[in-house]
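Please see the structure below; I have some questions.
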Amino acid sequence: MPIRAVVWGENVHEQTNETVAGIYPRGIHGTIAAALNQDSSISAKTATLQQPEHGLPEARLAETDVLLWWGHAAHGEVADAVVERVAEHVWSGMGLIVLHSGHFSKIFKRLMGTPCSLTWREAGERERLWVTTPGHKIADGLPAYFELEHEEMYGEPFHVPEPLETVFIGWFQGGEVFRAGLTYRRGAGKIFYFQPGHETYPTYHDHNIQRVLQNAVKWAHNPAARLSNVTDAPNRPTHEALETLEERGPKLHKPGEGGFR
Amino acid sequence: MPIRAVVWGENVHEQTNETVAGIYPRGIHGTIAAALNQDSSISAKTATLQQPEHGLPEARLAETDVLLWWGHAAHGEVADAVVERVAEHVWSGMGLIVLHSGHFSKIFKRLMGTPCSLTWREAGERERLWVTTPGHKIADGLPAYFELEHEEMYGEPFHVPEPLETVFIGWFQGGEVFRAGLTYRRGAGKIFYFQPGHETYPTYHDHNIQRVLQNAVKWAHNPAARLSNVTDAPNRPTHEALETLEERGPKLHKPGEGGFR
Amino acid sequence: MPIRAVVWGENVHEQTNETVAGIYPRGIHGTIAAALNQDSSISAKTATLQQPEHGLPEARLAETDVLLWWGHAAHGEVADAVVERVAEHVWSGMGLIVLHSGHFSKIFKRLMGTPCSLTWREAGERERLWVTTPGHKIADGLPAYFELEHEEMYGEPFHVPEPLETVFIGWFQGGEVFRAGLTYRRGAGKIFYFQPGHETYPTYHDHNIQRVLQNAVKWAHNPAARLSNVTDAPNRPTHEALETLEERGPKLHKPGEGGFR
Amino acid sequence: MPIRAVVWGENVHEQTNETVAGIYPRGIHGTIAAALNQDSSISAKTATLQQPEHGLPEARLAETDVLLWWGHAAHGEVADAVVERVAEHVWSGMGLIVLHSGHFSKIFKRLMGTPCSLTWREAGERERLWVTTPGHKIADGLPAYFELEHEEMYGEPFHVPEPLETVFIGWFQGGEVFRAGLTYRRGAGKIFYFQPGHETYPTYHDHNIQRVLQNAVKWAHNPAARLSNVTDAPNRPTHEALETLEERGPKLHKPGEGGFR
């Protein structure tokens, strides 16, 4: 069975900006999904902000192996309940790939616990992405570096936690650097942040970018059954202790009582 | 100048439970602060839930080098605005030490981005804490292991992100293990989670525990000036680029316009 | 094509100790290989110390996806040239799983850069292994914990670098804890250390242990082509620079000259 | 008492190359030591390859808090016994700062367990170092970035283990990037690798570079007593077990027997 990917698109610029609509007539999400579907091991569909529950009801997330997230102008319109639902699925094992301006999305900030801020410049400058972890699954089939003739500059410091792995670092023509590809784990969920993807440039039509996204979906896919009850703190009563145990000392909780939260 | 520590105590059990009041007549926070003050390089005071703004107004946090956090029964009563304020100070450089049941505090979950759940048992069993990173500043002066004759069992899995360092692991009489001392960095702020400290046992009167807390305050202290504006994403306009740069390609933003959030 | 695993066994105790020979008549390596072969996605063979080049000539390593290593009494007899050869294959992408007393093998110490020391006791005590990263590929299909009625105690501190991930922690009846399952990356090679496996107990006949090893082989397998020349430091001459560049300043090296090593 | 730093210099180019001798008449090591001594909390001296035991006999290392290492042309002339001695001191708590071409030194490769290879170009190009972890002790007092008008290009991939923290990333005029400042821990010893410092440029006369080195010495300093016997694997006999324990099962070792290595 192919990996079930859902590409979530904010779908705002595509409807309001002629330049973006011209580059991405199917939407950014549609272009990314089509690129993923070129890999026979992936089956990608889309969801957008404007759909009921932003296209991400519980039943759909339960059938999603990897979620990709592109947002920019409307982060604040994403319902907190959906953000929390997505977070729980990530903790339980769903993969998550956060793209470009998604660094400021509610879901990314929620999972990182940091501001996720950076510096930026929209000058259409050249970016060169260097592979810093050759042999990583996300870099599979890529050359030592590749270039995007036009990208938005994202510059350090990038206020995220120290990653598990730094897979790409970007060089910008104007003089900045950026950790362009970072991996994290949150619970059973694998997370990849990938910096390129400004909406006024044809980044998601680029072959190398598409390869990174295909690789990242395969890397982030956790084939194990989704964990259940990751937010619970179960009591292990004394009579069920794994070693012989006699209760001692004063107690706060009565038998069978739940813990505080 | 000594390190300015503030010990935040929920101060609920001490007022409502005779056992806890008997062990901690000055409050858990008061006992911890007194222990810290035995180290001349630390000047510790307290703050509690019941005070205005929970004792943590902006002006006070600005003068706090390291905040310690003990809470249990009333996590939900902590105002979100105070949580966010504390988070911003951590990102900017304030140290944070989260104690025991604080694993479920709003501030710890906010900074970790995970459920921070675990298993537990209140049986007064023996815990033995092993130093897994000898020579770490937080383990300074401690033996290879030390014991608490009565502790609440906290068991794995502990749903937190992979730490920077695992400093202690706890062995429990009933058969569980727990990563009892973990370090993190969030922005310029250093964070230490330390598991012992159940309110019905005299844990914070233990000499080794007190030593860990003194060490942790010194480790978490960042003497650099607090960072400013860590949540901002400043634009670096083309005419200020560090290398000669000519704008190219289509643009979304007009000159001088702020970015989306 | 199945994953090509090679189980390297020192094969000394099996020949000299009746107890070990009785438990592992096919050798420890033979038992492990048979267990791996029960998973149709793995094709496992063996190699031993006594074979020419310890059974690990260059041509064989080039066809090995994942190498498992069990050694104890004869670490010092392993030729340094073979150790270096294995290290280069790991850096280039071969997976490596180091078992039990292999913590003191030349190859593990070579790749860790630390003493890899620990404390130990051979008392046939009970060990309980806790999964600390549920949902990790190496823990797939395992319960929250599992027990070995008899294991050698390995205790902290374990002098290894901070791992990428802590997958298992062991609880010992005699009072110790140990980080029993740790992941690392060295170059393109993924490394897993797994503590159980004392030769006088039937550990490798245990179903859960066998599951861990099957999982670990799949986790450590890097399907990408082996990297070439990972130890080279290639010169990128000025006339081949990716951006227009004019040489400036004094030079140490003449054109075309190799770097120092 | 000030931190006792020793700056180890290979001292070859300074004796054989007029350019280098002109920039560093006191030797690279002498210039660095003088810069460190401008900070009153540091007392720095030097050692060189040509001295007996390369200036690093056991007694001297025992009195060294932080060792800095600059080498390039003569890595192979450093005696293996001295390398191993330095490694043991690092594991026991001595700080180590590896500079520039020291990436290929025996001691750095020994402690990393990887090839430590990279790409390079000697073109006198501009490097801009970005602080990626603002608020880190090593970046204290530095601006968001600083420039070196002439540096040797070091490019990714840098074949080192994933660091604890990435403190600096370098941007090069010719189009490359490099993780220029990385932290590690090996045992009780803290390690910092810092990329700038090509011998034909006046890098170590630069004020920002000097500040980084002063900061790094203070960061790497471990004031705790040096650990003893980090390479030992002590037996914990059954009769000394921390919990009541009865020996069971077959044994390989006789009572009191040492373990294999």
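As written, the chains take the letters A, B, C and D, and residue 1 is the first residue of each chain.
As a convention for this text, a contact is a pair of C-beta atoms (placed from the backbone, for glycine too) under 8 Å apart; a residue touches a chain by one contact, two chains touch by 3 or more.
Treat the numbers as computed from the prediction; the structure is a model and nothing was measured.
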Interface numbering overlap (same over half, different under half) for chain A and chain D: same
Inter-copy rotation, chain C to chain D, in degrees (Cα atoms; steps of 5): 180
Centroid comparison with chain D (C-alpha atoms), farthest chain: A
Rounded Å distance, chain A centre to chain B centre (Cα mean): 27
Distance from chain C to chain B - Cα centre to Cα centre, in angstrom: 36
Junction residues of chain B, two or more chains touched: 128, 133-134, 155, 162, 164-165, 175-176, 185, 187, 242-243
Chain D residues touching chain B - in the complex, by the definition given at the top: 92-93, 128, 133-137, 140-141, 145, 164-165, 173, 185, 187-189, 222-224, 227, 242
Of chain D, residues touching chain C in the complex: 13, 17, 19-20, 72-76, 87, 91, 101, 104, 110-115, 117-125, 150, 153, 155, 159, 161-162, 164, 173-176, 184-187, 198-201, 230-238, 241-243, 245-253, 259-261
Residues of chain D defined as touching chain A within the complex: 128, 130-134, 144, 155-158, 162, 164-166, 169-172, 175-177, 179
